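Below is the structure I would like to discuss, written out as structure tokens.
In this document, chain identifiers A, B, C, D, E and F correspond to the written order of the chains, with residue numbering beginning at 1 in each.
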Amino acid sequence: MAIQDILALVALVFGLFFSLVGIVGLVRFPDVYCRIHASGKVATLGLVGLLATSALLQPETALKALALALFVVITSPVASHAIASAAYRQGVPINGDRDELAGQRTNLTN
Amino acid sequence: MLFYLLVSLGFAVVWMIVTGQFNPGGFAVGWMISIGLLLVVRPHPRVIRASHLPRQMAATVIYILVLFRDIVLSSVDVARRALSRDMRLQPGIIAVPTQDPQRREIVTALSAHNITITPGEMVVDFDTENSVMYVHCLDVRQSIPIAEAAQSRRLRLLLNLLGDRS
Amino acid sequence: MNVLILGTIFIPLGAAAVSLLFARYLKVQHWLGFLAGVGAWLCSLGVLAANLESGPQVYRLGGWPTPFGIVLVADLLASIFAVMSTTVVAAGLLYALGCKDKVVSYPTFMPLFLCMGAGLNGALFTGDIFTLFVFIELMVIASVVLVAISDNRLGLEAAIKYLLISSMGTLFLLIGIGALYATFGTLTMADIARLLASGERPLLAQAAAVMLMCAFLLKSAVFPFHFWQPDFHTTAPTPVHSVLSSVVVKVGIYGLIRLITLMFIAEARLIENLLLILGVISIFFGSLGALRTYDAKRMLAYSTFGQIGFILVGIGWGAPLALAGALVYAVNHSFIKSALLMITGTISSRTLGKTARLSEIGGVGQKLVYTSGLYFVGGIALAGVPPLNGFISKVTLVQAGIAVEGWLVLGLAVGAGIITLLYMMRTWQLIFQQEPDEHTKTKPAGDSLLAPTLLIALCLGLGLYAAPLIDLANRVVAQIGEPQLYIQAVLGG
Amino acid sequence: MTPLVNTAVQLGLIVMIILLMPATYRVVIGPHPSDRLQAIDTITTLLIGIIVLLGLLQGSALVIDVGIALAAFGFIGTLAVARYLSEGKVF
Amino acid sequence: MNVLFAIATGIMFALGVFQLLRRDLIKTAMGFYILFTAINFLLLAVGAFDGQIAAYVDANNQTAAQPSDPLVQALILTAIVISFGSYALLTAFIVVSSRRFRTVSTDGIDRLQR
Amino acid sequence: MTIALIAAIPFLLAVIALPLRRWLSTSMQGGLFAVSLGGLFVFALAQSGAVSQSPLAFALEWVPQLGLTLSFYLDGLALLFVLVVSGIGTVIALYTGFYFDDAAKAGRFLAMLLAFTGAMLGLVTAGNVLTLFIAWELTSITSFLLISFYGDEKARAGALQALLVTGGGGLALLVGLLLLGGAAGTYELPQIIASGDVLREHPWYSIFAILIFLGCFSKSAQWPLHFWLPNAMTAPTPASAFLHSATMVKAGVYLLARLHPALGDTALWQGALVGFGLITLLIGAALALRQNDLKGSLAYSTVSQLGAFVALIGLPHSEGIKAVMVGILAHALYKGALFLTVGAVDHATGTRDLDKLGGLRGVMPGFASVAALSALSMAGVPPLFGFVAKELLIEASLHTLPLLVTLGVVVLSAVFTVGMALILFWDVFMGQSRAAHSEHHLHIPARGMTAGPLIMAALSLALGLGIGPLVTPLVQPAVGKEISLYLLPPGGINEAFILSMIALAGGTLVFATRGIWRAWALPTLPTGQDIFQAVIRQTERAADVVLHSQNGRIRYYLIVILLAVIALMSTAGLQNAVDFTRLDVSINGATDVLKIMLILLSIGATFASIVFRKHLLAALALGVAGYSIGGLFLLEPAPDVALVQFLVETLATVLIIMILARTSEAERMAALENLWMGSRTGLWRDIAISAAVGIGVTLFALAAVTNRPDQTTIAQWHMENALPQTGVNDVVASIVTDFRGMDTLIEISVFGMAALGILTVLAGARSSSAKPDASEADADETPIYNFAFSDALNRFAARVVLPVALLIALAHILYAGVAPGDGFTAGVIAGLGVALWYIVFGYEGTRERLRWLRPAAMIAVGLLIALTNAALPLLFDRAFFAFTLLPVELPADIKLASTTLFEIGIFSTVFGGISAVMEALTHPKEVETL
């Protein structure tokens, strides 16, 4: 077994693990904000792992895998932020008592 | 001019990655296409001093490494919580000042991006007037103490990256 | 001269693109459009001439061998329909030059109109069943938009309805295409025809025939697929309506003829019987609808519904004479209907509300002797009064009916013919003879009468000098009676 | 690719497919629209992963282009819906 | 597999037709869209000849594996684009209908009668 | 040739009459055309010598395929009618010159009248039944115009009724004549007449005979189709005199007489003609007596007279033909004169009501004498011409019909006619003046107006007196055999003479007791009018049913269409087409598992989109379904299709959400149905239809997958030729841009047009030049957006994504041949990048920042580039859309070919299109670009 096969397997397990974790968080976490933490970022890392697997096993895909990984890393936080922001504007309550945005919100929109 | 040169070079690199042609030919084609694209789109130029370039480059590399480390750390952190039985969550939203004296949008954006990627924190909203980011944390006990310090660290890196600190 | 086939499609399409660039110069745009229409018309005449001289014209796009590429085929059937279409489209463009509708001043009007024409010609000339779908869609989308932006605010409603109903037709067409491709593995109509004729007849052919027939019936607004038509046509801007109600509805007719003469010859008898039944019902629905509806444009739309029924009856009779009769009928109807719609358009352009509601256009034309004469001639032409071309259509059809001894249908069809006379003349009296109400206010000038004048002259000409058209129709029928000719022209050998 | 790796990738594919289910479950139960949006965003990410693995199995470098597109559109779609949820408008 | 595909297209069509017949124009538009997705799927199911590899050819290595029928793919591409154009138009019409007729119900746009 | 002129000249005159009306006064017009028609009369008269030798014929090939020849045939019968038409026409034209006050009106009238004259002359000189029919129809049309001349409600209704009855009859006649021609093997009249034996034996005989009867009876106002004629009296009086008494109504009589040699003397012929003719004779006469309106009275008496003619033609052994010919002449003279007199009376007094008239002999002495002579001729008083006609009628009847019929119908009708004639003269011209018109300013007719009627009246006398020498040469050729005519029976008083004297006496008695007769309520006779109206009513009711089905509801339309298709499909025998042995239920490997998952997911998500009440959720579910289908495409494997599917799916989702954003919640909620609580029948109906469609499609798909070949040669060819012929690895790309490039060109045109359409409907429809009306402006008011969503992070993302998207797009173009993606995907990707800008920056923000974005121009340029690519090879004598590889070496595996140009065109169109859609959707007020 070549070295990159071993690395690829590691990357595969890595990717699958974080994908799994992200989904677990998506199911378990108490409110939408927490779930975004889980799935939005963790699943991203899972994807990066799978992309690494691909790059290792099929070198011709490496550059595109890199491009995809970069793209996901750049956009994923933005999507998370946008969803969280939308949830807050829709009035989805946060789980927890500390909310420094409460009250400020009215000044921000409308 | 330097700005356009840098941007076109950057685009050329992106081109090479996207097309999978990581070779001189790919670079040449990508560069030409980038120049053509810039001629059409004409983004607003930013002043760049040649003398600061090397340091900016270095900062960029460091930034990317830090970013990657942050992603991994954050993911591991969240994974721990997700898989643990009681999840040990104490969510909440805290206000974090952006601290950029010039209040530039790019700085705010990159800070927010970075924060959202870091462990258990995520920007929910901005108060542009007061340069405040409202950050949702999975665990406020853990985040509050380090929030401002982390932000000033990030800001330093960013300013370096943007070539502002002379 | 097979290159001319391209001209009928791509001159309008190119002009559409160029005219879009001249969006700010309305005059330039309009004249460009008109010239393109004339260009396409000349090309179609050239195609017809070439056809008469040396048989079916075939153009292989990209030079790829058939059936691997797309092929444009101009046999006599396609050519005669194309000449009819380009004539009416050119007339419509001419009308648009002198039309005062707001919609005509939109910068997108001309490109859309030209695309409609391009789609129309393409649908006629394509020898590829899938390309037929694509061209029909071009036509549909362009016309839907043109109706949606009509000065008549209800155009939007009609456009929504048509878009939804037409999508059904598109589905049928695609299912049919899928069936044909799945069974024969080819899209070229000639190839399909060859395989169908070669005997090994897969069972799915019949399903494909039904689906394609439904699609074409829908495009021609035949009962019970007609519901969209009165709405869609009535609310269309006049130049568009004059094209929709005359030639666009004939695309389905063309498709049906192709279906039963080229491809599904074995199923032809079945389809023809069905067409007979649907044709008779359409005649009655259309005629009766025209009799009692509330709007002069809508009346003509219903009338088209009925007239399509007559054509279907001709096709349904199946005999060569009947088919020729149907063709003559189709061509003559296009010119008459188009002219009548334009004249009605000029009348409604003189009303303040741009309406053709019968309750509001009474007496509007009382002082317009010339318009009155044109409308009258058009009206009696539609009703089949000699010596106009409508009479020729009627006689050819009735002769065909006698020849095939289709007494019942003949009787019903002739009986319905009198209704046409009733509604046309009643409306003529209403518009041009009645004393206008005191609240009826009219504008001093309306749309230009040039285009309808030319068309009416054509109607008169085709009535007085009918022999060439009938001759042509007979030649068409003789040619499509031998599908081998078409297949050989396309596939070679 | 060795058979072992191949099997691993196939297993990975099955894991990813199984993961679609809880994500879909979250889409169904919500409770808030933003929950569903987040879940769909996650599904998109999973799908990209699936596509990558599929590319490996098919031995084809082509599908990753599809993945890039999917990532881009998933992102833009997410932003559009998020804006709709925030402000009742998309544009 | 082909049975499953066939049944699936049937179900998709049924669902599309049902959705198309709703009173709500937005649902109707969705039905329109479902039907066109379904037809593309149908074209794939009945037309593509059980491909094992994508329809790409290479000068040096010709594999024995059956490629997916490229012609059907091209047809589907065209059908997708055209149906999407129609669909986009329909959605725009719904917006204008809301402005002009103050309704997005199919029963509400029934001024054109007789 | 010359005989063709007989019909042609009046048409020419009609054409010049229109412009002449601007230059000539009414009387000059009348005079001019009277002279012209008079010339025609003289010309015709001059032909009589030649005609009596042998008929003149002339034929001109017209539409040989239809058997339509412009052929003319002038024999004695035709000549007689030509003389009547042109002679009466002369008088009418002269009279018209004094009838109208307005020269323009007179000109219009004369033009129509002359056109009618031409048509009528064409009818009687036609030598081909189709030519005859054409003329026949033209008389109906010109008659319609003349009846409708004044344009008032009554005139229009009368004209329409006349047109319907005669036009309907005309259609029957057309079919009848075509059948006749078919049976005879020719449409030429002389041959048809000559083939009487064949025709009478032909199986179609009764069909075409009845159809021809229908035509003739409607034209000649036979009961029960007579009702239109009195209603046609709204025509100006000269027209009534000419068309509706002297000429047109006799067209039916003419045609029957014409076809008599060919079709006559059968039981059907005799029964129909004699039966209907006699009924008409009696009813017409009875009704004529009871009219108050003078013209109505004359009209019914005309009906009666026409009945007599028809009955005479029906008599066996051609007994009645002589009487018909004489009768036509006599009737034309006295009835024409009477009509013109009534017209003058109407003109003078403003009324035609018998109760309001009287004692006009003083003011209109000329017309009084005309009326006296004509009424006496009509009454059949010797020695006037009418007497001879009546004698012949009674005689023919006596010879062939039972005495009871002769007495009960013919003589009784004569009695009524005499009474009516006397009333007509006496009650108008004698007695005392009535108040009604003495108050009324009397409009004494010009002297010239009397001239024509006087001539006619004088002729009634002269021809009666000179019956033998003057009339015999005219009638004998028409009858076609030796005849002798005399005023008084040579053999002394015979039965006919006695009967006619009895009629005179009876008529006088009727006249004397007219008060009683006119007040006496006759039993209501069944008239065609009722039937006609019932037919019209039922037709309109049927029309209402038809229109009721056009109920405006799209759902209903769709259901009907789907049901029709289901019904049609059920005949296609799909269930037999499924080859169950080839059904494949095996599942192989993870890919198949994935396929099943995706199928389930897509069906589940689609189902969810139906049941979700919230539109947003439904839209998202639909997106999931679409992505799943995309996944299935990917597994096919069809990466190009999958790519496009994903792209389009995203756009589609964005579009639905856009509708949600731009329609009000209230409207949406009002439209939404509750699937579970709403009308269950409707629900079950929809479910049933959907299920039927689903089953149909399933069967279809099963049949397709089990019947298809394993591979098509055509796809095989594409696989083999893509690389060598178009230099690409992506066979789909080579098909899209080369093998089937035109599909793609048209497809992007569709896309571009749809985008332009969206732009126009949403933005361009309010063009900057035209001011929107108030309601629309109000309705279209959209709030200016605030950009709260547009925060630093989102802006950052938008700024990064657009250039990347453009780069990816360009990569798709340049590497279209080796990777999934092409100009189309490039356009969508770039378009989505722009869409992101619109999402983040809004309309104003994006337009301000992306000034280079010109959607409409991009569409135009894209289409032009694509067209250029297609057309360029033509310059080098190669095929449209021919593939050309550019001979340049480029780095990075880039191959430039004509295809590249095409891809750029596609890209530009699609990018422009999507940008246009975005611009339209975000557009707050009006559009600036374009």
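One rule holds for everything that comes next: a contact is a pair of C-beta atoms (placed from the backbone, for glycine too) under 8 Å apart; a residue touches a chain by one contact, two chains touch by 3 or more.
Here the structure is a predicted model, which means the values were calculated and not measured.
Asks: Determine the shortest chain-contact distance, in steps, between chain B and chain E.
Replies: The fewest touching-chain steps linking chain B to chain E number 2.
Asks: Go through A-D and C-F and name the pair with more C-beta contacts between its chains.
Replies: Result of the comparison of A-D and C-F: C-F.
Asks: Point out which chain occupies the most central position, where each centre is the mean of Cα atoms.
Replies: Taking the mean of C-alpha atoms per chain, the most central one is C.
Asks: Which chain has its C-alpha centre farthest away from the C-alpha centre of chain A?
Replies: Most distant chain from chain A: F.
Asks: Just the number, please: Cα centre separation of chain D and chain E in whole Å.
Replies: The computed centroid separation for chain D versus chain E comes out at 22 Å.
Asks: Suppose each chain is reduced to the average of its Cα coordinates; what separation in Å results between chain E and chain F?
Replies: 40
Asks: For chain A and chain C, let me know how many angstrom lie between their CA-based centres, rounded off.
Replies: Taking the mean C-alpha position of each chain, the two centres sit 57 Å apart.
Asks: Provide the C-alpha centroid distance between chain B and chain C, rounded to the nearest whole angstrom.
Replies: Inter-chain centre distance comes to 62 Å.
Asks: Give me the residue numbers in chain E that touch at least two other chains, ranges are fine.
Replies: Within chain E, the residues that touch at least two other chains are 20, 25, 28, 42, 46-47, 53-54, 56, 71-72, 78, 82, 85-86, 89, 93-94, 96, 100, 109-112, 114.
Asks: Any chance you could list the residues of chain C touching two or more other chains?
Replies: Residues 130, 134, 137, 141, 144-145, 148, 156, 160-161, 164, 175, 178-179, 181-182, 187, 230, 292-293 of chain C touch two or more partner chains.
Asks: Got the chain B residues that touch at least 2 other chains?
Replies: 14, 18-20, 112-113, 116, 123, 125-126
Asks: If you go through all the chains, which pairs of them touch?
Replies: A-B, A-D, A-F, B-F, C-E, C-F, D-E, D-F, E-F
Asks: What part of chain F is in contact with chain B in the complex they form?
Replies: 791-793, 795-796, 803-804, 806-808, 810-811, 814-815, 850, 852, 890-894
Asks: Show which residues of chain D lie in contact with chain F when the two form their complex.
Replies: Residue positions touching the partner: 10, 13-14, 17, 20, 24, 27-28, 33, 36-37, 40, 43-44, 47, 50-51, 54, 57-58, 60, 62-63, 65-66, 68-70, 72-77, 79-91.
Asks: Help me check something: in the complex, which residues belonging to chain F touch chain D?
Replies: 589-591, 593-594, 597, 601, 608, 614, 616-617, 620-621, 623-624, 627, 630-631, 634-635, 637, 639, 642-643, 646-647, 649-651, 653-654, 657-658, 660-662, 785-786, 788-789, 794, 797, 801, 805, 808, 819-821, 825, 829, 832, 835-836, 838-840, 842-843, 918, 921-922
Asks: Residues of chain F touching chain A in their complex?
Replies: Contact set of chain F toward chain A: 786, 788-789, 791, 793-794, 796-797, 800-801, 804.
Asks: In the complex of these two chains, what residues of chain B are touching chain A?
Replies: 14, 16-20, 22, 67, 71-72, 74-75, 78-79, 81-83, 87, 89-95, 112-113, 116-117, 120, 122-127, 134, 136, 138, 140
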